[in-house]
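Every chain is named by a letter (A, B and C) in the order it is written, and numbering of its residues begins at 1.
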Amino acid sequence: MKKTARIAAVATMVALSLSACGERETDAGEDPASTPSESTSESASADPSQQFPDFKACMVSDSGGFDDKSFNQTSRQGLRDAVEAYGMQEADIESNDPSEFNDNINELVSQGCNSITTVGFLLGDSTLAAAKKNKDVDFSIVDFAYTDDKGDNTAPANVKGLTFNTAEPSFLAGYTAAASSESGVVGTFGGLNIPTVTIFMTGFVQGVERYNEDTGSDVQVIGWDPESAEGSFTNDFEDKNLGQSTATEMINQGADVIFPVAGPAGLGGLQAAQDNDVKAIWVDTDGCVSAEEYCDVLLTSVMKGMDVAVQDAVLASAEDEFSNEVYVGTLENEGVKLAPFSDDVDEELQATIEDLKQQIIDGEITVG
Amino acid sequence: MELEIRGLTRRFGSFTANDGIDLTIRPGEIHCLLGENGAGKSTLMNMLYGLLDPSEGEILVDGEPVAFASPADAIAAGIGMVHQHFMLVPPFTVAENVMLGRERTRGLGVLDRKAASRLVRELSERYRLAVDPEALVEDLPVGVQQRVEIIKALANEAKVLILDEPTAVLTPQEIDELMGIMRELRAQGTSIIFITHKLREVRAVGDRISVIRRGKVVGTAEPTASEAELAEMMVGRSVQLVVDKAAAAVGEPVLEARNVTVIDPRGHQVVKDVSFVARAGEVLGIAGVQGNGQTELIKSLLGLVRPDAGEIWLDGRDISRHGPRQSLEDGIGYVPEDRSHDGYVGSFSVRENLVLDLFRSERFASGPALRLGAIEANARQRIEEFDIRTETMETPVSALSGGNQQKVVVAREFSRPLKVLIASQPTRGVDVGSIEFIHKRIVEERDKGTAVIIVSTELDEVFALSDRIAVMYDGRIVGTATPDIPREEIGLMMAGATDTDQAGATGATGAGTHGTGGGAA
Amino acid sequence: MSDPQKGPAAPPVVDPERVDPHEAAAAPRRRFDASAFVPTVVDSVLAVVLALVVGAVLIVFSTERVLGSLPYFFSYPWDFFRFAGEAVGDGYAALVNGSLGGADALTRTLNRAAPLICAGLGVSLAFRAGLFNIGAQGQMLVAGLAAGYVGFTWDLPTGLHALVALLAALVAGALWGGVIGLLKARTGAHEVITTIMLNNVARFVVLYFLGLEAFQRPNSDNKLSPPVDDSATFPAIGNLHLGIVLAVLAALVVWWLLERSTLGFEMRAVGANPDAARTAGMSVPRVYVTAMTLAGVLAGLAVTMTVLGQQNSVTDQVAGTVGFDAITVALLGRATPVGTVLAGLLFGALSAGGLSMQGAAGIAPELSQVLQALIVLFVAAPALVRGIFRIKGRGQGSSVEAKGWGG
C-alpha cells in the first residue's frame, strides 16, 4: 500500500522534474524522495570502527507482512535503523503463508546473510531448523524463546530469542487507567487470545487491582480475566471496524479508559474513544507518534522496544558478540516502557507511577 | 423511400453467411423474405440494421449509398426493426417504453410523459393498433407487446420496417390481426420486410417474395405461387408438405392422466383437473396457445413436477410419484418444449448429447466408466440415420442450426424402445426439410405401437399429425375433436370459447388472445 | 483438448444464424452460468504475457536508480533506458532463476505448486458441476487440523501414520465441502455465500481447537500445534516431498472422473445446463453434494502438503492463501485438470521466483502477488486483452456485442 503511494508520489515528481529538465548527478543512484522517511536513525554513528559494509542483515516477516503497522513493521524498523547506523547491507523477504517460512529463510541464507531476524512465534520451528543447518549465520527471533519444561533456554548458540515483558509497563498502564477513570470501569481487548497479546492485558488487570488495593476503590476491568483466560478479542489484527465496535460496546458498558491490544485493529478502539470522549492507552509504540490523530485521547502508551532489540541483536552479531541468551525487554533495561504521559495525568499520579516502576525494577512487585 | 441492396456479402471466417445478395424494397410494399433457419436471413437483416458490417457490397437508400455503423444510423435513415425477442422493459408503460432512449424533457429534466402518451395514441389510432399508452407492458399479451415494438419503430419515423419472424410467438388470431396491421401500414406508405419460413403467411400478405437459401437469393416469386413451389425453392428439392400416414391402429390405453392438477410456485393453478388417455398406436395432439398449462402438464407426465392432485398411470401403474429418471427408464420418450433450455446441453458435443439420458445404460457404461467406443458408434449411427448436419460428432450442439439441434434431441429419444412418446413443439424453429423428417419419424413411432402425445401451438402441425386433438385453455382441456374439424373451430377453442360457447371470442382475455372473432362459425 | 468448443481457432461451425425464438427467449432467464467465466487457452496465455509486461513497467517505476535518472532524462535519456532495462532484466532473471534455476529452485516451485494444483482441482471440479467453490480455504483449514491431530497425537508406524493422517484430512475436507453441497441441494442456499461463511467458521473452529491443551505444545499457550511426528511426514527426496506426485495423481483421477466416468458426465451436464440434466433424469442435488464433497477431498489433499509435507505443525494460517489462489489457478486453467496443473505450476513458479526477486533483485515482495493479480484481472477481462492484442471476437456473437444494441 505504501508502495502504491510511493509510486504515485514518484510519478508526480517525475512529471515535475521532466519539465524542469534536471541535472545528472555524479552518482545517479541517490534519490532523496525515496529514502525511507520512517527511518529515525538517532545514532548515525560516524565512528569508522562502527561501520560494517560487508555485513548483511536480513529479515523474514510472518504472514502479516512488513506493512502491518505492528510488530513486523516495528521489527524491520529496528533492522533499518541498524543498517543505516552501521552501514550494512540489507535484504528482506515477506512471507505470505507459513508454508513459505523454510524457503524464505533458506533463500536469505543462500544470499549470504550474516544475521537473519525472523518475526513471530510462527517462525519458531523454521528458524530453529535453519539455525541448526547454518551455524555460521546468527539468527534472532522476535517474540519467541526456545525453552524446555523448566523454562531453561534450549536455543543453539546461534539463535537468540527476543522477548518482552510487556506485563510490566502494562501494569503501570493499568494503574494509570484505574486512577484516571471516573466511572470506575476500564476496558481492554485483544487481537487474538495468544500469550504475546494477553500478557499486556494481564499486566493491565494487575495494575488496576493494585490501584484498588492502594486506594480501597473498586475499579472494574472488562474484557479480560486472567484466571479463566477469557476475554474480548477481535480475532483479527487488521479490521479497524471490529476494534471500534468492540470498544464502543465497552464504552456502552461504562468503561471510560480503553486499552486495545490488537495492532491496527486497535486503532478502531482509539476512534471509538475519540467519538465517545473517553480516554485510551496505546500499545507497542508511542501512539502520539504513530497514531498522532488520536493523541488527544491517549493517557500514555505501553512501548514494546522491538526495534531497539532487533537493532541490538544485529549489532551484536556484526561485532561478533552474539550470544544465544534470551533477550527479555524489561522496564529495567528499557526494552519496554511507558511513553510520556499526557497532561490528563497529574503530577501526583505520575510520581506514584514512577515509584511503582522502581518497585518493579527492584523486584518488590512481581508482574505477569 | 426505396431500399436497395447490392451484392451484399458477409463472411464469418471461412463461412459465407450471405453471398452477393441483391434486393430492392420498393416504397409501400410488403416484401417477404422466405428461407429456412440458417439460410442467412437474420445475418442480412443485421447488416441492414447496422448490427453487422458487410464484408462486401453496399446498401442504398433512395439511390444513395449508406454505411450503418450502428443501429442508430439505421434508425436515422428510416429503418425500423422488430426483433423476434422483444426489447421492452416490462414494468414500464407503453408510452415510457416508446420514449426510452429518446426521452423528451420539459425544462429541468422533467420527462414529458404526456407528449409520449400523445404520440403513442396518435400512432395507435392512425395505424389502428389499439394500444393503450398507459398500460404496463408486462400486463399486455404477446401480440400487443409486438405492436408496441412496431409503435417504437414508427415513433422513430421508420419508412422501412423489418419484422423478424413476427408470427412465431402469436396465436392464429393474433397472426390475422398482425396481417391486418401490415396491410394498414402498407396502405399508408411504409415498406415492410417480412421475414418468415411459413408459407401460408407469405402467400396471405406478401406483395413480392424473395427466397434465400444458403446465403443466396435463389429466386423471387409471386404470392400466387403454390406452397409446394415455394417450399421447393426454399429447401432446394421437392418437399412433402402433408404427412403421409395410414389410419391409426389404436390399441390399449398406455398413459392415463386422471384429474391432474398442478400449482406453480407462485400458487397459481396452471393445470386444472386434466384427464385424458393416450393409447398405443395413436397420436394425441394437444393444441393450445402458449402458456395455457401445456408446459406444466407434460412436465408432470415425466415427473419433472409432481402433480398437486390427481394421478398419472403408465401401463396400469401409478407413476405420479416417480421422478424423471424412473419415467425415462420405464419407456417414456420426452422431447421438451424448449430444447435449448431442457433438451440438450449446448456446450456438450453432439456425441454426448445423443446419450444425455442413456449414458447409464449398460450399453454405454460399464460400472462407473463410460464406454466411449459405444457412445461414438451410437453417435455415428444416429447422425447418419437422422441426417444430423454437423461438422463432426464433437461439434457442440449449440453450434448447430435449430433444426439439427432438434434432430439431436429427437434422435436420442427415438433410440430406445418407447411405450409413450411425449413431444412438445417437436418442430419449433425447425426448417421445412427437417419438419418433414421429424414428422415422418413420429408417425413411424406411432405405427410401431407407441402412444404419442404431441403438444403444439402450431395448428398446422396438430392437424397434420394427430389422430385425436385435445385443446387446452387456461389449464383445462376445453374440448376434444378429430382432425376433420374446421381450423376455425379449434382456433376458437384455443381462444377460450368452449363447444357450448359458440357466441364468439368475446370471453377471450388474460393469457388468451384479444380475438376479433374473425372466422367464427 | 477435451474442450473443442472453445477457442477462436475453432471455425464458426455451420451456422452463425441460429437465433431461433426459444433460444433468444431463453437467454435472459439463464441462471448464473459458471462456465461463462472460463477463459480460452489464448486468453490465458495472453493474460500471462500482458501481466508480465505491466509487471515490467511496475519494476521500472519502483526502482530507485531508474527514477533517479528521470530528472535529467532529456540530457541523458540513455541512462533511463539502460537502468530500466537492467532493473527489468535483473528482476525477471531472478524470477526465472528462483523458480527454474537449479534443483533447489525447482523443488521450491514444485512444492509450492502441489497444494495449488490440488486445491485448484477442487475448485475446477466444482466449477464443472456449476458450483463456484470459494470454500477451499475453509476446507483446507479443517482438513489441516484433522491431519495435524492424527500426525502429532497418534503413534503409528512410519508410512502408515502419514497415510492415516492423509485420510483424516481427506475425510475432514469431504465433510466440510459436502455440507455446502447439502445446503445447496436441500435449501438452495447459494454456494458462494455458504462457502465464504464456512471459511470464517473454519478459522474459528481451528482457533478453538488450537486453544485446547491437547492441540498445543507443552508449556505453551501459543496457537501453534506440536510438530507432526516424523513418522507422519511425507517421504522426500532432498526437500522435494511427495506432494507433487500426489497432485499429479489427483489431476489424473479428476481427469478420468470428468471425461471418462458416468459421474463426471453427470457433473458436467448439471454444470452446463441443470434443466436439461434434470430432464434427462439426472439428480441435480445429488451431483451438487457429490461435487462439493470431492472438492473438499481435493482441498484436504492440498493442505496435507503443508502439514505433512514441510511445515509440520498446525496454526490458523496453515492454509495460507492457497485456498483463494486456487480459485485463480482453476480459472486460469480453464477448469480443466491439465490446465489446472499448468496454472498451478505457473503460480508455484511465480511464488518461488518472487522470493528471489525480493531477496536477490530487491524488488518489492508485492510484485509477484501483483503479477498474479494482474493475471486474474486480464483473465477476467478477456475483451480487454483481446482488444490490446487486436484479436477478433468469436464469430458473430462478440461483434454484435461489441457494437451493442445502440438503437
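Methods note: contacts are C-beta pairs under 8 Å (C-beta built on N, C-alpha and C of every residue); 3 or more make two chains touch, one makes a residue touch a chain.
The UniProt protein names, listed by chain, are A = BMP family ABC transporter substrate-binding protein.
Everything quoted here is computed from the prediction, not taken from an experiment.
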item	value
Chain at the geometric heart of the assembly (C-alpha centres)	C
Relative to subunit A, chain with the most remote C-alpha centre	B
Distance between the centres, which are taken as Cα means, of subunit C and subunit A, whole angstrom	35
Centre distance in Å when subunit A and subunit B are each reduced to the mean of their C-alpha atoms	72
Subunit B-subunit C separation of Cα centroids, rounded to whole Å	43
Overlap residues in subunit C, where contacts from two or more other chains coincide	none
For the subunit A and subunit C complex, residues of the former touching the latter	3, 6-7, 10-11, 13-14, 17-18, 20-25, 28-31, 34, 63, 65-66, 91-94, 96-104, 106-108, 110-111, 121-122, 124-126, 147, 149, 151, 192-195, 198, 229, 235
Of all residues in subunit C, those that touch subunit A in their complex	58, 61-62, 64-65, 67-76, 79, 83, 98, 104, 108, 111-112, 115, 204, 207, 211, 218-224, 227, 239, 305-306, 309-313, 315, 317-322, 351-352, 355-356, 358-360, 362, 364-366, 369
Residue ranges of subunit B touching subunit C (in the complex, touch as defined)	12-15, 17, 37-43, 46, 49-53, 69-72, 74-75, 81, 83-85, 87, 101, 165, 168-169, 302, 304, 323-329, 334, 336, 338-349, 352, 356-357, 359-360, 365, 368-370, 372, 389-391, 394-396, 398-402, 404-405, 428-429
Contacting residues of subunit C [partner subunit B, same complex]	4-5, 11-27, 35, 260-263, 265, 268-269, 272-273, 275-283, 395-396, 399-400, 403-407
